[in-house]
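Labels A, B, C and D are assigned to the chains in the order they are written; within every chain, residues are numbered from 1.
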């Protein structure tokens, strides 16, 4: 059983009539609905307006994969939420960052860059090409996926070089974008996946749904082997002894290094 | 002319008599002294206790390479200083992070991980082995460097996989450490270099001095080609026009994505 | 059921009396014996002296993970064997290269470098430190593993930067080595693991056995999604049509690009 | 002075009347002509039909950057030529592989994969987008480059994940391609650059010329620090002594590991 939390900002869906028609219960519930067809997933949702942004240590400790959708209120996400999510990613929780989540606090925190890009909202055609057809995230797909209407995201996308580029997008208006990127931070696998502008029915597309399902199975922790997050002097009880017979030299500075 | 700023916390050297004997003018001035022998460097220093931590937009904009030494007061570095340094690294400024700087705000910001490690202060012997003898940073060195007394840093070192591992350390007490790591964030080259505990005369060692000099020349920007830090919609005046004849489809959401 | 083939050169064990005592049935059968305790593995072995080096298209097509041990007769491995193994790695078969297999034709083929290193056969103590305690390959291990007697391998190890460094070795004689390296070529995960000199009982060590078991489970294909190995012009029947209404321009050169 | 050798297969230009019109003196001389405008380059050319493919140890030892264009006769390149070029790349010589050189023996040798891709020769429009505007190779360029007629290359491009992706291409017919990729093998920087089909005047385009010039300056060795290509036992004369007082244990196998 893979425990998934879908986090959504959930503002456009309440404020904008057109978005409401596409995602009447919010993007998070649209994603939840198609994931529920797979009985190996146990799904919860969380949104910005909930207490503690709907996330806390207890729920995150049980979570295998966190999906993140945010757009216009990134700055309203609490810093302590970002700290908790980062800690869990380092321990091995998978993270899927969707679309405008490229500018979320947590993604920028994990990347170390500003994650800037260019964009155009023009409802144009997007083709997502698969760079590695046999990657588990691409299982069951044709050589490309076509979306009739999407927001364009263009290069330069200011992120570190990824572990692997899985999708590159072609836009009708003439741009390209690296749309599916894999990263690892600590033991957490991170998948950034571009499509999903709130003004279009992207998450109703069965290929997009397939990719998100595949991605959950790919980024989830492979075992329950949590990183023992050590920052401590040696020796202590559970640490090895140094090679015998070395002699201490020089002075000592009393210095518990600050975290 | 390569413009270098050496930043130092400068606390141990003022508080501890033993450290004061080793670095009477502070670690920053010890580093400055050996760099000044190379006339291609223009050196400035900055310390924590100075106004704005001794760094501001003007000085950083002129800086090609920033060297960072900090240990017990990482949390006292201002967040606006960290923001400024990160911005300049993304634009292309080189950054050399020394020893306990692994836990500095700026290094953790750029790595996206907690950068934890294990350690032992026992004045033991360290051998730094060169993993790539022909790398410019290793120019002029023997197969390994030996330091008679150093603090031990041990694995696991919780950082992302580096672009290249240049040095691995052997410690008398039985540990190893990945001691020279190269990263790239935006256009900035980052070099983490392990040795340099304040209790030992490491920065007086000519091999260590050679590595720091080589590293400055390696991480400095290769040209003055500053990243145009775009996060803006397309088209705007200086951006390309989309391919002709595409028609807008769907709705628009008024949405300047939040930074 | 994970199908594993253990390939062994199998020369030292027949020629040298001391090695014969340690591995009376050959290194491959020693590895087979401890793997058989795990009922999820189906194990076969293959050796150099067999017809076609014991490997052919049929057996490799069914193989999920190939383990490779070779030392003094790398050049006797047939080029067609190397071609077949490379093809299967690109398709997704896992590959575990042990010890002196660093210089095998297949490892050099996949790395693109000469894979040189330095060594000393002196029966000295080796400590393997874990760089990422929560990686599935490191599951169930203490912070380090100690081997009383091993051949030393030292830096520089001339391989490309790995996807991840999992183990670094400390040797009694003063050297270090990057002893556990992960690579990806096509869809195949490759794990290089250093220990295993024929003169010492390394593969009888239960920690080493645990790592090899973990590695099989890590590098095995995640699904049966074989890369469709395309090198063909577009359009053809199963390929997408180009965007409508583009007009051919310029001349054509009759040119089936040579493989 | 940067010493550059431009290697060209030089067959299309002699066999095909249309290609001859575009490149009357061969692609190599077209590239030579625009490079000669920069007095910091010293240029030589070499072609397939020359003795030893026009390359030998002496000329390669003096070469800083080798440019490679080949298409329909990859298999006619001598294996000893490939060996020599690979050796020099590992030592630090820069290598620029153009267009259909993706399938050359030397590129496949260095990548470890089959380097397959898809293609269509239809004279369609290509837009090359810059993924990192401040990279030295992108110096002086607009956000994208447009070529009125080019052969299409499409994903999947079966190469290892690059150190950095500098260009992604948009094709009029609906495909994308990762068109500018950086790799490192040993100390050699490798730049793969997609455009340059023989049927179109791509190398007459001033932006393409600018990129090739920039790339030469980027991939050329940063110093004369040649990798000492060690594969030898320790100790030998120029190698360090082991830590004193360790005692030999176990047996020895007489084993000069085969190259």
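The definition used in the following text is that contacts are C-beta pairs under 8 Å (C-beta built on N, C-alpha and C of every residue); 3 or more make two chains touch, one makes a residue touch a chain.
What you are looking at is a predicted structure, and each value in this text was computed from that prediction instead of being measured.
The chain with its C-alpha centre at the largest distance from the centre of chain C is B.
Sharing over half of its contact pairs with C-D by residue number, the repeated interface among A-B, A-C or B-D is A-B.
With centres set at the average Cα position, the gap from chain B to chain D is 31 Å. The mean-CA centres of chain A and chain D are about 35 angstrom from one another, to the nearest whole unit. Residues of chain A in contact with at least two other chains: 132-133, 143, 154, 156, 161, 163-164, 174-175, 184, 186, 227, 239-240.
For chain A in complex with chain D, the touching residues are 127, 129-133, 143, 154-157, 161-165, 168-171, 174-178. By the touch rule above, chain A contacts chain C in their complex via residues 91-92, 132-136, 138-139, 142-144, 163-164, 184, 186-187, 218, 222-223, 225-228, 239-240. Chain C makes touch with chain D in their complex at residues 12, 16, 18-19, 71-75, 86, 90, 100, 103, 109-114, 116-125, 148-149, 152, 154, 156, 158, 160-161, 163, 172-175, 183-186, 197-200, 227, 229-235, 239-240, 242-243, 246, 248-253, 255, 257-259.
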